[in-house]
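Across the two complexes that follow, subunit A remains constant while its partner is subunit B and subsequently subunit C.
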Partner chain A sequence: MAILDVQNLTKRFGGLVAVNEVSFGVEAGQIFSLIGPNGAGKTTLFNVLTGVYRPEGGRVLYKGKRLSGLPPERIAHRGVARTFQNIRLFGAMTVYENVLVGQHPSIRYNYLDAIFRTFRYFRAEKKARVRAHELLEYLGLNDRAFELARNLPYGAQRRLEIARALALRPSLLLLDEPAAGMNPQETDEVKHLIRRLRDDLHITVVLIEHHMKVVMEISDRVVVLDHGRKIAEGRPADVRKVPAVIEAYLGKGALEMIA
Partner chain B sequence: MSDALIELLPSVLLEGLLLGCVYAMIALGYTMVYGVLGLINFAHSEVFMVGAVAGIEVYRYVGPHIDNPYALAVVAMLVAAGVSGGLAVAIERLAYRPLRKRGSTNRLVPLITAIGVSFFLQDFVRLIEGLWHGEFYMNYPADARMEAVHELPLGMTIQTKSIIVIVVTAAMLLGLDHLVRRTRLGKAIRAVAQDLQTASLMGIDPDRIIARTFLIGGALGGVAGVMFGLLYSQINPFVGFVPGVKAFTAAVLGGIGNIYGAMLGGLVLGTVETLGGTYLFFLTEGAIGNEYKDVVAFLILVLLLLFRPQGLLGRTQGDKV
Partner chain C sequence: MTPGWIIAVIAAAGLASGGALMAWPRSTWPLLGVLGVLFACLSVRGHKSSRFAIALALLLFFIPAAGTENTFLFELVTQMGIFAAMALGLNIVVGMAGLLDLGYAAFFAIGAYTWAIFGSGQAAEFMSGSFPLAGWPYFYLFSALAIITAALTGTLIGLPALRLRGDYLAIVTLGLGQVVRVLANNLDQPVNITNGPQGITPIERPPIGWLLGFMRFIGLGDNPALGYAIFFYLLVLAVIGIVVLVNVRLDRSRFGRAWVAIREDEIAARASGISLTRTKLQAFATGAAFSGVMGAIFSAKQLFVSPESFTLLQSITILAMVILGGMGSIRGALVGAMAVTLLNIEVLKSFSDFLVDLRQSGYVLDLGIVSFNFANLSDQVEPAKYERMIFGIILILMMIFRPSGLIPESRHRLEAGSEKKDGMTG
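Right after this comes the complex of A and B.
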């Protein structure tokens, strides 16, 4: 069964149809890529999936239950986490605190526990701290745990966004251009990291990415969007041969030039 | 002449510190709400006033049954914290949240709403107190044990009630610092203040955190109301306005949105105002009296904001978005 089922999803802004009747399904354990030229509606689609926007049409099912229409925090509680195209860390908080914030919904104790410092409170807090350090270790950030997030170098900030998203214990992770602005070596690391997320942590990954090398090498399946519409879907090797895709990326006439 | 001024200085500073405690406690409510919502909650001065009135009611109804004035003051503060905290949450729920949910981006709308709530509460309390007790000018009862004067070094004297005010303020500021820095709720408040949308995507319910912020700010304001009553005795439904404006000034002075700024700004403003009020009187040989102390306070504010628009502890813009 598909873990994520997007059905005829439409999102309009005034007269602009940013996402137009898009449907696709993501199987559990897949690495699934969304590609397309700038302005194709990829990030808008992420924003609809995570509850930032309400869709005007269609629906989103996650593990068979409806996600569309829920507020972002409820969607996060269900196990859908994301990162951002433009890094959106809590810059004035430390690296460690950013990861603790990500664990907010999974810490279980009530206010009485917090006020009276019960056993449950200490156990939950300790677990959260241990897990925060594990996550930072996993992403190679432990030695910078107590620096302010805004002082990290760019690549480390991108990794911290992933660590913070993992703190939610997601089963579905949406990564918005995780390799943007990275050099070839860092891009390679991101590629391996995404594979590890799937293989070690059994997380299903949906990815928006412009680095075609990353997309082609790690994706199990690719959907191509252009002007809000789905123009192709399939395995990476197949999608790259579709004429409409080449045209969307290189402009009309590109096919004739190639031919 | 100048000897007298120097001799007076420690006492004046102490007086300023007390006033500063009240300002700081109120200023925290303004600055915390501004931090999470970007809203100047002008109704906060009435949350403070309601705290003072709730304290009076405790003195009226519980006072005769408790002989210990210190315990009574603490009970009054606890009740005022509860009433004011609850009121602040109710204001958010009934007045601000519906506007926020409509998705209006106009900042003037909630601001005007806040002013409306403020007027409403003033007249509502006047009505209730008028019906209940026949008048709405009230006095905190004086208790000899609270008024008792203690000698301090440097020729200063301090009353028991002033010691209580300072100790309670210090305890609440330390408690708030712990809450904001160390607890889960504090981290969530900071996360919402920095980026509400991202916080919600990390599973934090912003409405819940906003309500908690109003609760905490309101409770601090309520306690400040009782302190104000203990220190200055006279209370009425319109007593919130001036301390409210001053506390808002203190929050801006310290850097709005920054809780340490509000604490510092409150103490600085209280001190400067008291110093200015006292010394202007002496230096002008009575021509300009204590009633000009507000002029001094706001002159300082204007000057500071000319040279440091972000306030004493505020960061320059670009941090928030």
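Right after this comes the complex of A and C.
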């Protein structure tokens, strides 16, 4: 069964149709890539999936239940986590605190528990702290745990965003250009990380990525967007041969030139 | 971590200035020394228990001992404490949650009126029963109630206001803050609830027989004016202690983390499962509650409340304390409140006294070419006339030279020495 089912999704900004009648399904355990030229509507699609924008048409089903129309925090509670294209960390908080914030929905105690430091407070906080360190360990950030997030180097900030997203205990993780701005070695690390997320943690990953090497090597399935429309879908090896895809990336007439 | 010898120096300075204050309770310099030591206790890192002990010795021994000679000391520190609670409350809203609130004095007013109405004959105007509610439990009961009424008002004002951000929120809170003041000003008709612009007086104070008994016992006599000065001093210290404790505990819980998270990035916070409305309302209600309880104490201390005590200027003064101290920093809010209160009611006053003395001395400054008779000193240089300007200059200088405040927010970070700069990437 598809864990994520996108049906005829449409998002307009005034006259611009950013996402136009897009449909696809993501199977549990897949690594699923969204690709397309700049301005194709990939990030907008992510924003609709995570509730930042409300769609004008169509719907999103997650584990068979409707996701579209819910506010972002409700969607997060359901177990859909994401990272952002332009890194959005809590800069004035430590690395460790960022991961604690990520666990917000699963830390359960009330206001009075916090003021009176009840048993429930200590139990929940301890659990969260242990888990925060596990996650930082997993992403190789443990020795930077008490630095401010904004002081981390770029690559570490990207990994911290993933750590924070994992703190939510998601079953679906949306990664928006996780390898952007990275050198080949770092890109390779990201690739392995994404595989590990799927294989170790059994998380379904939907990925927006421009590094074709990453996309082609790790994706089980690829959807290509252009001008808000889905122009191709299939296995990576098949998608790269579709004429419309080549045209979208290289411009009209590119096919003839290659031929 | 601060080296141990610095703590020893602070302790010695505390002892010296405390002793000096006891010897010259009316002199400004020992007082500044004592406050400086308190400031140092708040600003250095580590050695928690030693710092706490020094501050406690000053607050519970030296200042009260000197205060029995000069009640102004009690008045000053009580005032600082009242402002400190408000600064701490506003710090949650503005500093931690990043919501610019310019109507914060409204919650103080709600707290003040909560006790003022029932602790005076005022309540008899609109309900039956015998008022004022004298007797010991009522004041404490209503102080607790003030927490609830202020928090509720915070939630009510918050509900419509918190849909807005940044400047828009600031303007709306400014307006709603004025609404509370205008209501207080006009709710003498059709039913007289607040007694309008005349304000409410006299307001009951809780009985302090036990304290007067204790004062007789240690040979201080039983002057009720001194007794109440001591009582409110101790009460405010106790409440500040509780407020700080609550604030620290919330700060280190999922609530405090959520506040800072929405300040840092609303979209990322929501993607982490944080509900904006709920989190902002919690910040608003908590901040309001801190202010409300001090409002109730303030009304009993002053014996009088009127809408004039809760102006926009009041809100801005508290905001200045938060900014001066350091946005988001609990210790900063305390220091900011101390500094601004001191500036307002001690430093400018002393300077003003100094100018008056100078003028009366008729001293002639003769520099050969020009000579100036201080008797001709214009009264335009009276600090009272440009208090706000001095304030503004200090804030501007702070923004230029120390934009994150006297004690900047520190999110339990490791000391700078252990930070690695190895350029790790990937």
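Just so we're on the same page, the second predicted complex is superposed on the first by the 259 of 259 C-alpha atoms of A that agree within 3 Å, B and C clash if a C-alpha of one lies under 4 Å from a C-alpha of the other, contacts with A are read in each partner's own complex, and residues count from 1 in each chain.
By definition in this document, contacts are C-beta pairs under 8 Å (C-beta built on N, C-alpha and C of every residue); 3 or more make two chains touch, one makes a residue touch a chain.
For clarity, every value in this text was computed on a predicted model and none was experimentally measured.
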item: Room on subunit A for both subunit B and subunit C (clash or fit); value: clash
item: Which of subunit B and subunit C A:71 touches, first, second, both or neither; value: both
item: First, second, both or neither for A:240, with subunit B first and subunit C second; value: neither
item: First (subunit B), second (subunit C), both or neither touched by A:42; value: neither
item: Subunit B versus subunit C as contact partner of A:153, first or second or both or neither; value: second
item: Subunit B versus subunit C as contact partner of A:191, first or second or both or neither; value: neither
item: Which of subunit B and subunit C A:164 touches, first, second, both or neither; value: both
item: Which superposed partner A:82 touches (first subunit B, second subunit C, both, neither); value: both
item: First (subunit B), second (subunit C), both or neither touched by A:221; value: neither
item: Per-residue touch tally on subunit A - higher for subunit B or for subunit C; value: C
item: Subunit A residues contacted in one complex by subunit B, in the other by subunit C; value: 50-52, 71-73, 76-77, 81-82, 84, 88, 90-93, 97, 100-102, 104-105, 107, 114, 125, 164, 167-168
item: Interfacial residue positions of subunit C with respect to subunit A in the complex; value: 246, 249-250, 253-255, 257-258, 260-261, 263-265, 267-276, 282, 328, 409, 411-414, 419-420, 423-426
item: Residue numbers on subunit A that touch subunit B, as the complex places them; value: 50-52, 71-73, 76-77, 81-82, 84, 88, 90-93, 97, 100-102, 104-107, 114, 125, 164, 167-168
item: Subunit A contact footprint on subunit B (complex, rising order); value: 183-185, 187-188, 190-191, 194-195, 197-206, 319
item: Contact set on subunit A toward subunit C in their complex; value: 50-52, 71-73, 76-77, 81-82, 84, 88-94, 97, 100-102, 104-105, 107, 109, 111, 114-115, 117, 121, 125, 143-144, 146-148, 151, 153-156, 164-165, 167-168, 182-183, 185-186, 189
